[in-house]
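Heads up, there are several structures right after this.
After this come two complexes, each holding subunit A, first together with subunit B and then together with subunit C.
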Partner chain A sequence: MEIAQALEVIWAARWALLAGLGNTILISVLSILMGTALGLVVGLILTYGNPVLRFVVRLYSDFLRGTPVFVLILACFYILSVVDIQLSAYEAGIFALTLFCSSHVGEIVLGALKAIPKGQTEAAKSVGLTFFGTFFSVLLPQALRMILPTWVTTATEIVKASTLLSVIGVVELLLGVQQVIARTFLSLELYFFAGFVFFLLNFAIEKAGRFVERKVAIPS
Partner chain B sequence: MSVPVLEITNLHKRFGDVEVLKGIDLTMQRGDVVSLIGSSGSGKTTLLRCVNLLEDYEEGIVAVAGEQIGYRQQNGRRVRLREREIARQRAMTGMTFQHFNLFPHMSAIRNVMLGLVRTRKMPKDEAYATAETWLDRVGMKDRKDHFPGQLSGGQQQRVAIARAIAMNPELMLFDEVTSALDPELVSEVLAVVKGLAADGMTMLLVTHEMQFAHDVSDRVVFMQDGRIGEEGPPDTLFHNPKSERLAAFLKSSKF
Partner chain C sequence: MDYDFNFAAVWRNFDLLLSGLGLGLVLALVSIAIGCVIGLFTAFGMLSKHRLLRWAAHGYVSAIRNTPILVLILFTFFALPQLGLRLGKIESFIVTLAVYSGAYLTEVFRSGLVALPPGLREAGLTIGLTELGTKVRITIPIMFRNVLPALGNNFISLFKDTSLAAAIAVPELTFHARKINVETFRVIETWLVASLMYVFACAIIAALLRRVERHLAIPG
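Right, the complex of A and B next:
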């Protein structure tokens, strides 16, 4: 009976929960896309930048990776308003997750570019390719394949971290569920439900990642 | 006499405090095949890599077809050329590497096409036809759609040779083309190189295959301690070495 009752409650609250899920997906997608774009730049500077630029970006990356995401979210929401940058909870949350994502992607990109043997660059140079030609035709296609599995893991980390935005009042899936619990007191069932939905989301991401990995795999 | 294909004058190269090339002079005319031999650390590979500026050099001049590679003189000072200019100059020479360095994410034919399309600005269908011709020449046409990971070492090296030579370079540089190959794969690659030599290709080779150097070269250069120790036609150099160092080297190479 308990399960039937829980399902009934979930069904009754379906629109609110779907709105929460929608927010979770939107926040995650935006953070991952912007974080990846920024992360590519971070990775390129860490690999090819001049020493001063590299030092600055290294500090940026180390600082962000050494800070809990939760602290980062609170900082973006509360501290930025002190210096007169007014962001909504939604914007501040996405901003924090983007920064967090960029530092991780930056390190992954750095690692991948460093892992490509020097002979690849030399062979590209020997057929007259410039730096850009070498990068886009030879290094990037190989680096992206190496990055993919770790990048997928980072993406699932962002989806999980998006739940922390509930603390600053963003109604994503977790806060949506908590609001239903506040009305119904079915905490066990509904938290289980939330966990299951997050699992499904990340499972889908992992599967999609594997699919792309197989599609772009180099025949050998 | 026409402009030499390669003219190296008083070339010096340092790695930090260590001087690895201590004043090299070498001239090659069109169609010359020159082999560089010598023990490890004698500077053979570094010399080869200075010719297409995979290594910068500190002093002296390397000129391909009369054009100084990598630098120009301005008010008595040497100034490094811009990246784009250097890229253009690198395409004047073709190079193959000890470890082939094929692009693993591209099929054999796309490996050969890359330089033709990106550097020579050849239309794709023309590049495809050119690449196919050269793959055929090295006996790899039937494997043109294979990826490097699906080819043996010898096959990969043959594709690498096609990739370099399809660019129609003034000069081919071969850096120990067979030293990473299993013994049974050496001959197929050497046969390709010999064929190119017979066609009149100008070639500078670094090799540990003494018999091959003897058979294919017009001239052999023995390097020791960053200098040219001895230089001459293969018969003279291999059968009547002047220095004890060369005699000892040939003996240790079981020639």
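Right, the complex of A and C next:
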């Protein structure tokens, strides 16, 4: 029976596949964290920066969002080595995903900060809060709640995009699975398996996001 | 950093890049057209009275949206032949992209249908149209106009996803860029030109879509 055989193959390769899954998770977590930090800066500049800075960052964001992630990954992988920045495929991939994530988070932050009614800032000012006080105790808590659902979607986007690193030779889950396929020729069962694992991963992220959203929602 | 820019190799192959860009646009157009049909049926499935249909529609959307598109592309191209379904690489890619976009468009159409005032359907039935006639002549056309911006965004991101066709050697823009990169080692020039081509193509599509939206907007 093919399925029993496939399960046997998967079980035999469990450590390699788990290592691949570990890499997928590590790549995603690092890219999301660094991308979010950079994205917050991008969003803040797009909202409050002076016109010159805003223009530069707008170009950065539009360029990154207009380029397919796959092209971004290939470009980072090949270009960085030419300009004497020696990064492994692994690091170059994380770098590309971080850039991709930062542009998306930047737009989300910009959208959220713009969506907060002006009255909030005015009220904060009239009770005597400074710019930082206004930002951290009034605007940010509201913006973060607005950002959360889209941010979770971006996180699943990154997990899915991490599979593209297989093309530049990073052994994450997909390439791990492909290596097993190369030995066993069970492409149907194993690609299905890979898809299923990614589905579970993203499904879990989505559910966790919903849970946090409910927890932090402002009671009405 | 010592790097002398020399775009000659890229310009020599510029017609290849352009033809790749054109192929990418065609792939995206054909896929979104099929995806629209799939999405429309699934959206009605999601809103159906029958629980089984609703479950099937939800299952399809959630499975596709949580699976990396690269896994789907490889599955269709390498795994389905095991089941006797052998497709050429372009056909296989179009099938994948259509099924993929269908899941995203389902959400678009579903929210578009839900947002329509119920009076539209009632008015259609009142003037003697059948249930199907009301859908085809009234609700669907109005819904289409309302969701046009979301549809356009989906098209742009689908166009960027055509870069992944390079993974199964479909000769689109990214495929040619990789080839030029490997053959000429003009690394920075190649990727700069390729990404700018994507960025400008996306910007032009976005501008065209805005014109269409304005043209089709329901007055008043």
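Note that the second predicted complex is superposed on the first by the 220 of 220 C-alpha atoms of A that agree within 3 Å, B and C clash if a C-alpha of one lies under 4 Å from a C-alpha of the other, contacts with A are read in each partner's own complex, and residues count from 1 in each chain.
Assume a contact is a pair of C-beta atoms (placed from the backbone, for glycine too) under 8 Å apart; a residue touches a chain by one contact, two chains touch by 3 or more.
If you're wondering where the values come from, they're calculated on a predicted model, not measured in any experiment.
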item	value
Which of subunit B and subunit C A:Pro141 touches, first, second, both or neither	first
Partner chain in contact with A:Ser31 - subunit B first, subunit C second, else both or neither	neither
Touched subunit A residues, subunit B compared with subunit C	C
Touched partner set for A:Thr47, first subunit B, second subunit C, both or neither	neither
Contacts of A:Leu74 with subunit B and subunit C, given as first, second, both or neither	second
Contacts of A:Gly66 with subunit B and subunit C, given as first, second, both or neither	second
Partner chain in contact with A:Gly119 - subunit B first, subunit C second, else both or neither	first
Which superposed partner A:Ser103 touches (first subunit B, second subunit C, both, neither)	neither
Shared subunit A surface residues [contacts with subunit B and with subunit C]	none
Parts of subunit A lying in touch with subunit C, wherever the complex brings them together	62-63, 66-72, 74-75, 78-79, 82-84, 156, 159-164, 166-167, 174, 178, 181, 187-188, 191-192, 194-195, 198-199, 201-203, 206
Contacting residues of subunit A [partner subunit B, same complex]	117, 119-120, 122-131, 133, 137-138, 141-142, 145, 218-220
Residues of subunit B that touch subunit A when the two form their complex	52, 54, 83-84, 87-88, 90-91, 93-95, 97, 99, 101-105, 114-115, 118-120, 146-147, 149-150, 160, 163-164, 167
Parts of subunit C lying in touch with subunit A, wherever the complex brings them together	1, 3, 62-63, 65-72, 74-75, 78-80, 82-83, 160-164, 166-167, 174, 177-178, 181, 187-188, 191-192, 194-195, 198-200, 202-203
